[in-house]
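After this come two complexes, each holding chain A, first together with chain B and then together with chain C.
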Partner chain A sequence: MAKQLFVGYNERNTFLHRLSGSTKLIGFVSLSIIGMVTFDTRFLLGVLIFSIILFWKSQIKFSEISFIIKVIIGFAAFNLLLVYLFAPGYGISIYGTHHMIFGNPKHYFNLSTEELLYLFNVLLKYTFAVPLALIFLLTTEPSEFAASLNKVGISYKISYSVEIALRYIPNVQRDYRTISLAQQARGYEISKKANLITRAKGAIQIILPLIFTSLDRIEVVSQAMSLRRFGRHNKRTWYMARRFKSADYIALLMILIIVVVGIGLFKVNNGRFWNPFK
Partner chain B sequence: MKKKDNNSVQVVVATGIGAAIIFVLMKFIAIPTGISDTQVNVAEGFLPLLAAIYGPVAAGLAMFIGHALNDFVTYGSPWWTWVIVDGLVGVAFGLFKRQLDIQSGSLSVAKLVLFNVYQVVVNFIGWVLLAPTGDVLIYHEPASKVYLQGITTWILNSASVAIIGTILLVLYAKTRTKRGSLKKEK
Partner chain C sequence: MVEPLISFRDFSFKYDSQAEDTLKDINLDIYPGEKVLIAGASGSGKSTLGRVINGLIPHAFPGVIKGSCIVNGKDVATSSLFDLSFDVGTVLQDPDSQFVGLTVAEDMAFSLENDKIPQSQMKEAVAKWANTLSLNDLLKSSPQEISGGQKQRVAMAGVLIDDSKILLFDEPLASLDPAAGLKSMELIDDLASKQNLTVIIIEHRIEEVLHADIDRLIVLRDGKIVADDTPTAILVTEKISQLGLREPLYLGALRHVGVSITDCQDIQHVETIKSPVIDEKLKQWTKNVELSNSVKESTDLLILKNIGFSYDNGKQVINNLNLTIHRGEMVSLVGRNGTGKSTLSNLITGFLTPTTGEMLFENEDMSRLSVKERASKIGYILQDPNQMISKTTVFEEVSSGLVLRAVKNDTIQESVYDILKVCGLYEMRNWPISALSFGQKKRVTIAAILVLNPEMLILDEPTAGQDYEHYTEIMSFLEGLLKQRELTIVLITHDMHLMLEYTTRTIVLGEGHIIMDDEPAAVLTNDDILKRASLAKTSLYTLADRFGLPSADDFVAKFIESERRSR
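Here is the complex of A and B:
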């Protein structure tokens, strides 16, 4: 069960695994930001196809990510339904024209090509970054991740916090399981069978010991780190840091080109939306 | 100077482990409500305690990192507007640290009431004003949908903080030695 819920690093030897973590971090963040802002269907489709090709190249097996894909499909479908139910005419108000499939714009429930295009854009926005995020998660070693955060300019203390978080998630998860089983053995119900209040009470009985043991752990770990003079200097070096190689520069150049194209499209489209109905 | 040094290490560790706890709580103990992407969030109830002990930086960053990691492994990519608002709520809770003064071991009812009023207001600003507005501006989602999600989240998060948060604060305060509890024998 633990394996299903947590996608993590797997060692392989592809060019994506060999790229430095900083390159992948910059790539993921810049592509997801430009994709978040733009509503150009062509651009989003392009990025999606690009990231699927990269994903295929990374040799990640489908079984590793099938669980997360199911969750994402469920999430996207449910959200699209809500977006449509709350504002069926939203596409019309964005694009300013109406090509009706059924109903007419005066009624609340109608369906237009504009709305379909808008919904398709939203779907693309939910999904286009997923292959990139998965590549990033599955091809970057957690320790290298902290080193690359530091390299892109985030203070090493914050990078270290992220590293501690990644390291301690499995521990906290194990503690949680042990405590949860112990409390269930004592009769606290937390499954779907119980009603909300019983479940809430059960949840409190689990999180109390979990949180208090973790507070002790914070104490112990910070004392150990103080003893080793953590935070003494303004900079630190990283054992896991990788030097930029030529492949990194090529990758960064490609990312730059994609971002520039995305920004250029704002100019061409006169705004964030690509409007084929004009 | 020495004391400050030690505190900053503690903040780093508290941020990391706090984020790990928030991640685990978000992932495993979430009670769904029926409205998409909104659930009774136990992690939100842990936030006041983290904020009261370690302050705004640790609470804000821990929530930001924990939420972003959770989004990462659940949905593939973080929903940045909500992740950022969650971090800001953590910072806001942390700013109340001095008023709450939990390390003194005395947590009066007045303090708790004041904190709860404060947290409801903070959650209102975060979830009803900031988060949905960000969604409309950045993600261009229909306003009615995101405001409904925002209002639901506001109510649920405030309730979670009011119940779980208050319980945790009271229990933690009990483990602290009260200031001035030792008296000189006459």
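Here is the complex of A and C:
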């Protein structure tokens, strides 16, 4: 079986699980935005520690997410490498000073403390949001996703498409398996025994029937939905929506404080960058 | 005088995509509280009629309407689909597709959400209907965790929650096993009387639907109403079989033994039908007919020894299964959904590898054969032909297996033409597959497997969703193959009639192993097995029991044999 790439909800009883999905979504989105904008290392470190503490509190087991974490680490490392290779002197041009570790600022390849700080900031940006995203995904019931998206202002038709996708992914997976087995019996080789072109051809033989089967299903599902008045009004209510409780307001207040601190630092730093070299 | 709830006047409808009217001159009144069965063969227009009542026509399926159809005072042509949905609750044929929520409770509340009902009221309504339909323990379950019958109950709850007074079922029996189907009909019956519903059921399986107390039977043919009366009045005549539908088995049997149905009373149910002569005629006929006891020489084709299988998560699906299939047999494999029927066929075809045991095919160990190699010996045909077809024309589709086995072009053409002739598809060899009917597509998928020259076929629900005419067409085709090509056929099925009429041996799978392996007639008299495998008796048994025949088993076997002979 393939490793589980889609991380799933696990029922536990922590304060994070009890928070409304919308609160978690708002927190994730607003912290991500402020974190992406700022280059204040102190602030980023603070937010990272904050999100790691939250993650620890959520009681999510490392085994549940180990695969996705590995993917993210690999991706981040690769990205940092490219950022450095394409512009090794970027740190110097941002901070305006040069404390060289090796090389000369006049050459293309060099390494400065400024560049290291810049790369460290980038690394922090990649990492601090990951625990937050995982918290949102793993402590929010899938049923609540759509309601949460809708509450933060996304139209309910788009929000509901997320729910529908979650609902029918297992059906499509099952169809895929069935079709794939039938095609293999006919003689299409899609295992590693065959070469790439043969496998690609085999895959097409599966995808065509899969598309047709799925189109049929979509037609029936959309009929079923309109027969039950989906799309009748501009708004709809949600059976699974969670009402904001005092904990949600406290959480939102904390998020607001963090965001305000982040913005305040722009003023202190005279811009997005915190510059310890001055 | 009571006003009709639904009223068609000189109603005709033509889909924009078709050249001719699908419904022609329909005049029909349905009154409050009636339970109506709309029957008809595939293509008779019965589903179209249902779509008019729930408003999908003309709103989702555009076309030309002549005449009028009024549903609870609203003209369908001018009212919106949403308005009509308050009057008519529709339960679609495939309850899995209708299930749009991630959990049972959400799905039940779906229409209320769309009506902007506050959450607290939704919770109340869901609790109420969960109670009525015994769904309380399932409210948090996902659609993958519940059975077909349960999904159908969720679908009913999801439309009843609107308090709509008309309940429309599109082929409610199509995706249920026999026992669940009967239960479902009983539930519909019960709900209708308790909630004062008007129920419209669109089905071609008349006998099973009549298990509920249906007030009126309407039969469509070629878009016209050809019968509209009480079930009793129609059943007395032989109209149903003349219209290409299947009349209830017990009536057929009684006619067969020489009872005139006109002289009988209360003929709507096998439990109530009576006449002074039934008793005597049945006994006499049974005494006079001799079973031909042809003992066939049988050679073993496929032998499974101590097969066990468990998934990676340790769940044991098959344990200690022993089975021998003989050459030239037509065998039915039955059992409750989820007992491992598909797992078993996947083990035989090599998609899965057994954890224990061995499999022999013609005394050769199968474990060394790849999926592709096995496919040349044992062909597996899926229930839905659309899941198997990957080419655009008949010839391409049927030849693809040979092309992949690098057979020479001339040989390919020759073998494909041969098979197409056998399957009655030769004239259509260059047709695009999209132009074929369901039955023809089914034959294409069978031809595509036969061309590999297998000795054995496994077919998953070959007749599911087919009306009697197409059912007979597919089954006679398979029977012909069996004789002409000395094939061995295993049918996975829920259809008790099919199992009785066409197969000579039934294997009942339950709890991961074989719980019975006997003649179909014997399986259907074993109450314990019927219950464990979620099967249902056919009315022939009830008939034999009620009129005190010495052995129900014997009577059924004789009746089936004489039916086969007359076929």
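The criterion applied here is as follows: the second predicted complex is superposed on the first by the 241 of 278 C-alpha atoms of A that agree within 3 Å, B and C clash if a C-alpha of one lies under 4 Å from a C-alpha of the other, contacts with A are read in each partner's own complex, and residues count from 1 in each chain.
Just so it is clear, a residue touches a chain if its C-beta (ideal position, glycine included) is under 8 Å from a C-beta of that chain, and two chains touch if they have at least 3 such contacts.
Just so it is clear, the structure is predicted and the values come from calculations on it, not from any experiment.
**Q** Does chain B (first) or chain C (second) touch A:I164, or do both, or does neither?
**A** Touch status of A:I164: both partners.
**Q** Please determine whether it is chain B or chain C that touches the greater number of chain A residues.
**A** B
**Q** When the two structures are overlaid on chain A, which partner does A:I72 contact: first (chain B), second (chain C), both, or neither?
**A** first
**Q** By the touch definition at the top of the document, which applies to A:A185: first (chain B), second (chain C), both, or neither?
**A** Touch partner of A:A185: chain C, not chain B.
**Q** Touch test for A:L208: chain B only (first), chain C only (second), both, or neither?
**A** both
**Q** Is A:R217 touching anything from chain B or chain C once the two structures are fitted on A? First, second, both or neither.
**A** A:R217 contacts both chain B and chain C.
**Q** Between chain B (first) and chain C (second), which does A:G231 come into contact with in this model arrangement: first, second, both, or neither?
**A** both
**Q** For A:E64 in the superposed arrangement: first (chain B), second (chain C), both or neither?
**A** Touch status of A:E64: no partner.
**Q** On chain A, what residues does chain B touch that chain C touches as well?
**A** Correct list for chain A: 163-164, 166-167, 171, 206, 208, 212, 217, 221, 225-226, 230-232.
**Q** Would you mind writing out the residues of chain C in touch with chain A in their complex?
**A** On the chain C side, the touching residues are 54-56, 59-60, 81-82, 85, 90, 92, 94, 96-103, 105-106, 109-119, 122-123, 126, 143-144, 158-159, 312, 346, 349, 351, 371-372, 374-375, 379-380, 382, 384, 386-390, 400-401, 404-405, 448-449.
**Q** Quick one: in the complex, what on chain B touches chain A?
**A** 5-6, 8-21, 23-25, 27-29, 31, 36-37, 40, 42, 45-46, 49, 53, 61-62, 65-66, 69, 72-77, 80, 138-145, 148, 163-164, 167-168, 171-172, 175
**Q** Which of the residues in chain A come into contact with chain C in the complex?
**A** 1, 142-143, 163-164, 166-167, 170-171, 175, 178-179, 181-189, 205-206, 208-209, 212-213, 216-217, 220-221, 223-233, 235-241, 243
**Q** Which chain A residues qualify as touching chain B in the complex?
**A** Within the complex, chain A touches chain B at residues 5-7, 32, 36-37, 39, 68, 71-72, 75, 78-79, 82-83, 86-87, 90, 94, 122, 125-127, 129-130, 132-134, 137, 157-158, 160-169, 171-173, 176, 180, 190, 196, 199-200, 203-204, 206-208, 210-212, 214-215, 217-219, 221-222, 225-226, 230-232, 272.
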